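Paired with subunit B in one complex and with subunit C in the other, subunit A is shared by the two complexes that follow.
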Partner chain A sequence: MDFSTFGLADIVLSLKATHLANFFAMLIAFSFVMVTFLSRNYKLTKSFYALFLLLSASLFLIVYANDYLLFFIGWEIMSISTYFLLSFSLSKEALHKYIIFAMTSALSIFIAILILYSGTHSFLYADAHRSFAALGDTEGVLFATFMLFGIFVKLGTIGFHYWLVDAYEESQNFFTPFLSAVLSKMGIYALIILTTQVIELSYTLAIIGVITSIIATFKAIQEDSVKRLLAYSSIAQLGYIVTILGVADGMSGALYHALIHTAVKLLLFINIAGIIFITGRGKFSELGGLIYKTPQSFVLLLVGIITLAGMPPLGGFASKFMIYTSLMDAKHLLILAAVMFSSASAFLYIYKLIYGVYLGHPTNKHLESIKEAPWSFLVPQYILALLVIILGTYPALVVPYFNKILQELSLHVVNFSDYATLSSSFAEYNGLVVMSAFGAIFVLVLLLFVSLRSRAKNVKDRFDIAYCGEEPNESTHLHYGFSMGKELKRVGFINTIYKNSVKPFYDYIADQTLSFSDIFKKIYSGNLRNNFSIAVIFATVLLWWSQR
Partner chain B sequence: MSSILFVALPLLFGFATPILSKFGKNGVVYSSTFMQAFLLYLSFSLLLRTTLHVEVISIAPPLGISFVLNKVSLFFVALFTFLMTLFSLYYIVHRKANAYENETKFFILLNMLLASSIGLVLSSDIFNIYVFFEIAGISAYILSAYKKSPTALEAGLKYILTGAVASVFLLFAIALIYLHIGSLNLAVIAQNFETLSYDVKVLISIVLLVGFGFKVEIFPFNFWVTDVYEGSTSLINALFSGVVVKAYLFVFFHIVYLFLPSGEFSVFLIYLGAISMLVAEIAGLRQTNLKRLFAYSSLGQVALIFTAFALQNQDAIQAALFIVLAHSLAKFIIFLALAIISKEYNSLHVETLKELNSPFLRAVMLISMLSLLGIPLFAGFIGKFLVLKSLVASGFLAVLVIIVFASLLESVYYFKLAGFMFAKNARDKKITINFTQKLVFILLSSTLIIIGIAPFLISLFLNDSALSMLDTQTYINSLTGGN
Partner chain C sequence: MIILDLLGMFTIAYITGFLYYGLYRNITARFQRRFGPPVWQSFFDSIKFFTKNDSTSHGWMFYLGPIIMMSGAIMTLFFIPFFSSGESFVGLSEYGNLFLVLYLLVLGPLGNALGVGTAGNPFGVMGVTRGLSRLFALEMPFYIAVIAIMSLSGSADIGTIASQQTGLNAIAYPLLFIGALFSFIGMMGQSPFDVVGAPVEVYSGPASEFSGKFLALLMSQSAIFTFAKLVLMVHLFLGGASSFAELLIKTFILFVFVIAFGSMYGRFKTPQSIDFLLKVPTLIAVVGLILATWS
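Up next is the complex of A and B:
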């Protein structure tokens, strides 16, 4: 819609349903439906639902926008409605932290799009490339810096993750899956738009992404709170997507990983929400041994972590496969090694997730009397688990659709033969075969296990720990899952990661700003003598200046 | 004829108030509200008339009074009458609980304030401007000291002193102009201003800047503002930041456009505005008194409007008018709400907001705060966005960054306030708000939202207004009678 006839020059707003936009809109709608299942377990006010709908509307606005102005409007509404949604549960400090970072992100994107606008006086995506070419060198660099800064703050890229972990931890369990699965994807979407329509960023992006994923992975391992661990994991996974976007032909991998990450984070966060709902506890040190009480949740979480780890035969492998092959293809071997290192280290926190919550010995007396999570938690998880299993068996199921997106962005398409075979430029694998093989092995091992295992003693009392030679009491931790990863700090560089935090840096900035504020406040003390003398000095300086 | 009515009617009413008060106390209040509503009707009927161009009324030219009513001055007149009418409506309810002592005097001052604000906007004669400058000043001084508490008296005294200094500078500027050009008519001065020597031009513009600088609350001259806001009652603050400042701002830039159409001086003004905004927002970060806090925010917003006007192009002026509208309405909501809060809780510390037991007040305050911050869907966004857009279009990247950084700081303290509002420890005593007051709040906040969602409803009119402000040649011609 052209508003210049209404006296608003250069303002043309338009929506466009591209394949890319449809893909992200589908992710949003899907996640929306999944989390809505949960809502019946929480007492949410009317205003919460209203804001939640507003948030969803703004997300659709972001993806369907065809110009940077509507994109920004959607972005800002998203940030603000999230703020109000978070305000229902966040502590004052975390909430304030969130909004400062969110506003910084939004305003820096605002600066960027205005700089881009100065190129050809148009906000349209279609003109963006031309606008960028019309900018001077300094403006070009400024544009890229502000835009990336804004996006990275939203993605919680390491250094800017300060707000994210707290917000995830303290947000309502109903809302956290949505935060991780959808809101963070908007940063990815913005990055895709930026890299495909405006500038090529290549290697810089890859390095930033990979550093993010390594640091976030190690930060995740030592967390005691389950949601914090998942928050760091989210940062790390988004790091992979950022990395792969910085590589030629990485788009298909990025889209695939976005899809998998949405599914798996929904699954994991809903699973944990269920656990917190039935136990009221969200820390590893207070959980454990839930496998006997909540077997269904256990199996579903198992599916989730296998996907998260990117192990065959589930869907996670397909996206990792795409990421690895396109990294190899682009000959970024160092990055490839780093990504592999990071994914391998991720096994540690992934194992902690299942071990700390479901396996081992119940730490807490409280845990003895719980039942399986309600169906409203399980149903979305089953749907998601089914999705990742299908994607594991037929990994190329989405490839024809991705090819449409890639064509639209005029990128190389991925080879496609049949739904079971996922192929890249020099490798391919058949998901059906892998799934059958794994299935066969799984059945075989299960049979062996069932037939050969010795009869275990059925423990009646939590404290009945035979053969340990100790007499535990309530204060004794019966489960050591929570302290997993503690010893990692003996490794030099990992210890560096643990010891350093961005908190002092942001505290320093806040202190400096506030002390500036104090200085300026003193001028405004209402002393008229100062006021008049400053005015006279000012006028004199002006006079003197005008004579030069 | 209508342009005279806008000034004469409130003035007449002001002077007739003592007589009217003989008919009973309520008579003054109701008749004055009715008069303002009539002016509102008049201005809106003019607004809706499509054929309005320029209306010039000169009495005994070249030295007599002359008014020019064009689209931009009509915009301000309509805004002022609208706000004043709402103010009176609000006051009708407010007075039941705690009326100002000596209402007759109060209403004289109120009507004088309205008359002089409109007069400032309409006058096309620099000495008339000075006269209205003084009338507005005097009524404002008395209004700010009206409560007679120590802080109010301090505020009034400070206001008087700064006002006196400002008018001395303005008078000095007028004297200089008269000395060199020999006329007080804006059109004649504008025609001959180019012929002056560089030194005289510089001197006049600097003296004018200092004189108006105090009144438009721009950086090195605005240190008194927060004290005055703190001392005066919240109701009066609504008028100060909604009406009076806007009138001064318009007049200042009206004069600047006529005398110094773009050039080094306006670039300097752009930077001055941006720096003022930054300073105000930094200083506002750590305020704990609500009135002072919103005073700082007013300083910031006014500085933004200042920057927009200083850009001197049509888009920027349109943007400035958008912000003028959004800011006036939002600050009106805020200060009227503060009046209720301070009446009920006897405290204006920021922590008071935590205990605010009134969902309605929280909602309208939140709306106006979001609008002030420039969040999409609210009127403030349109203004801020258009200003920044015309800034980059004119190539002022540094100014853009400064202003955005200042708005970031602004959002820091506004969201701190918003955070207080979510606190669950409300007082037991629920604030009840009268229907009329609710109506005023709803009218103001729904205007903010409607303009935010559908700016195109008024953008065309504002665009024409901007053009009529920028097109000084037409203005001059209409005053000098063609040629």
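Up next is the complex of A and C:
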């Protein structure tokens, strides 16, 4: 689109279908289809669907935009339509938090874009690098700060995650999978554009990402609400992507992890939505012992958590492998150690997720008459589970496609020999061998074990356990461990994470803003005569300034 | 051919693992001034348990728990070559790498944790909770040391790392070795980091609900897993091995050191062990990493 008829000759708005944009558009479209399966279980109004479609359209606008102006328009529509979508279920406080953060983020990105525009008077991505080079030092730093602030708020990077956890917890169960799987990816997309087209941020990103993932992981361990735990987990997983984007050859790892994270968060949030739908409860302390009531959901969640943990033989390992080897290759050894630390701490909340909901004992009578979740919850989960299993077996299946993206961004391509072998410049592994070896060993051990002459007696009574010679009954507290990780508070540095919160900081900001607005209120008091005179003075000053 | 190779690895690990377990019981007995059981007692015990008829099961996930653990142990074994070079007893190591092995090391215990959780025995879950709370701190020094070693050898292939050592890595990079050794003691379930199983007290720990043939399977996997971990450690720090004699001698020395250490020290509580592991061994390993890779 050309604006020369309006006298804005150098503003060009255009769309461009790059491979990178196609990849993210595919993630959006895929998640959209997966989420719509759920809609038949929720009685949502027409306006909800209209807004949902508007939101999806704005996401496509963001990824296909070829310049920062159109990108910003998409970003703004996304933020506002999300606000209205969230307003269906969020409490007033959470909603206020969301809109303030979203608007600050959008505004800050807008400022950054205008600063960049001052370089070569062009919004195009193609000119962005030149524009940045034309900026002075101060403007350059300001641009990077405003841009990163805007992106980090969207990603919920630690410090800016204040809105995210509440919004995830209280949003419609129908909408949460989409929030986590897709909306957060827009931050990643913006970051990829920023790091590949404009500036390299190297260590800054790597360190911010690692700190985010460690703190979010420990915060997740403490949560009692299932959705809050998953929200923190989402922050931590995005932290890995931010880390890897700060590394020279990290793009393939970032894309791979974005793909896996989209799939796995859809799976987990849809699974939990199903559990909340059939039980009406969303806290670990109110759930438990559902495994034999909802066996399909259990197995699907199991696939999800194995992927989330990055365990072989499923797809999660492939993306973790890419991340680790890229960091190794770039010699960021301590950052790699920190990423592995965060990854190992994640096992705790991952086990809590499956134990608290499905294992142990039911925490109340209500849970003993639960039936399996409806098929509309299970179908998308089966598709997603199949996807991560295929990616586990043939981890290099997406590599040829990633190579196209990497070529387009003129980065080093990943070695590719066959679909089963995922290789980076540092090491390689064969997913097919790992999967089939594990499968064969498992089946062999199972067959040998079943064919033993000795028989195991399956006890139906859940109280029939070895309990120190005592006989537990209904009133015995047996669902031990849904608050696991509490003892971590006794460890000094971990307790520092738990004790500190960003709440006091933002409360302080809010107080200061309120007292500032009090001063403002005295001048702009709502009295009509006062307002009129202020308007006249303002107009006079404006006129004087324009004629100067 | 590869099948024979794998079967050979399995058999050797199975027998050696039980032999080491028998020796462990004897050596700790001598530390406590008593005579231990016959060396093969544990092996016979496991065979006897396999034929026991009255084991209780709590549904299919409980049944699968020990089987996943066994599969995890065997997988770990198969992805670690026995010798630093040569064609025999390499298993599947050419298809994997050290990152994969690091994950396989925790695959089994996590799989079994599901079985433990299904049983609904609070004492079992107590063990799992302790184990998981401690896991990240325990793995940390080991991970740092392994990262440094990988970076120095420029390879994630275990065989290459083992054969590239001119001297022993343990002597060339003592700080890394000491850091990793603390983790290794915990991974072997020895004091002061043995709060997971917590032997001798009221029976708590992941194994508490498993009886009969389930317990036998857990004992067998423990034997195999112990041997696999010892071989990994020998490859990473003690120069690998080129013959069975060398492999057995090196693993045995390491094993005796670990159990001697274990029988000398008391047990840490979970928060204490996290605190200690994150302070002392992790710092040692970080300093080791910086010294080793500074250039």
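Note that the second predicted complex is superposed on the first by the 484 of 548 C-alpha atoms of A that agree within 3 Å, B and C clash if a C-alpha of one lies under 4 Å from a C-alpha of the other, contacts with A are read in each partner's own complex, and residues count from 1 in each chain.
The criterion applied here is as follows: a contact is a pair of C-beta atoms (placed from the backbone, for glycine too) under 8 Å apart; a residue touches a chain by one contact, two chains touch by 3 or more.
Treat the numbers as computed from the prediction; the structure is a model and nothing was measured.
**Q** Which one hits more subunit A residues, subunit B or subunit C?
**A** The partner making contact with more of subunit A's residues is C.
**Q** According to the stated criteria, A:Y506 is in contact with first (subunit B), second (subunit C), both, or neither; which is it?
**A** A:Y506 contacts neither subunit B nor subunit C.
**Q** With the two complexes superposed on chain A, say which partner A:I73 touches: subunit B (first), subunit C (second), both, or neither.
**A** In the superposition, A:I73 touches subunit B alone.
**Q** Should A:F60 be classified as contacting the first partner (subunit B), the second (subunit C), both, or neither?
**A** neither
**Q** Counting only touches as set out at the top, which of subunit B and subunit C does A:I99 meet: first, second, both, neither?
**A** The answer is first: A:I99 touches subunit B but not subunit C.
**Q** With both complexes superposed on chain A, which partner does A:L142 reach: first (subunit B), second (subunit C), both or neither?
**A** The answer is first: A:L142 touches subunit B but not subunit C.
**Q** Kindly list the residues of subunit A that each of subunit B and subunit C touches, one partner per complex.
**A** Of subunit A, no residue contacts subunit B in one complex and subunit C in the other.
**Q** Can you check the complex and tell me which residues of subunit A touch subunit C?
**A** By the definition above, subunit A touches subunit C via 289, 291-292, 298, 302, 309-312, 317, 320-321, 324-325, 328, 331, 333-334, 336-337, 340-341, 344-345, 347-348, 351, 354-355, 359-361, 426-430, 433-434, 437-438, 441-442, 445-446, 449, 452-459, 462, 464-468, 478-481, 484-485, 487-488, 490-494.
**Q** Which residues, counting only subunit A, touch subunit B once they are in their complex?
**A** Result: residues 3, 6-10, 72-73, 76-77, 80, 83, 87, 92, 95-96, 99-100, 103-104, 107-108, 110-111, 114-115, 117-118, 121, 139, 142, 513-514, 516-518, 520-521, 523-528, 530-532, 534-535, 538-539, 542-543, 546-547 of subunit A touch subunit B.
**Q** Using the touch definition from the top, list the residues of subunit B that touch subunit A in their complex.
**A** Residues in contact with subunit A: 158, 161-162, 165, 202-203, 206-207, 209-210, 213-214, 220-221, 223-224, 226-227, 279, 282-287, 296, 315, 318, 370, 375-377, 381, 386, 388-389, 391-393, 395, 397, 400-401, 404, 407-409, 411-412, 415-416, 418-419, 422, 455-456, 459-464.
**Q** What residues on subunit C touch subunit A, complex-wise?
**A** Going through subunit C, the ones touching subunit A are 50-59, 61, 63-64, 67-68, 70-71, 74-75, 78, 92, 95-100, 102-104, 106-107, 110, 113-114, 117-123, 125-126, 128-129, 132-133, 135-136, 139-140, 143-144, 147-148, 150-151, 155-157, 202-203, 208-209, 211-214, 217, 270-271, 274-275, 278, 286, 289, 293.
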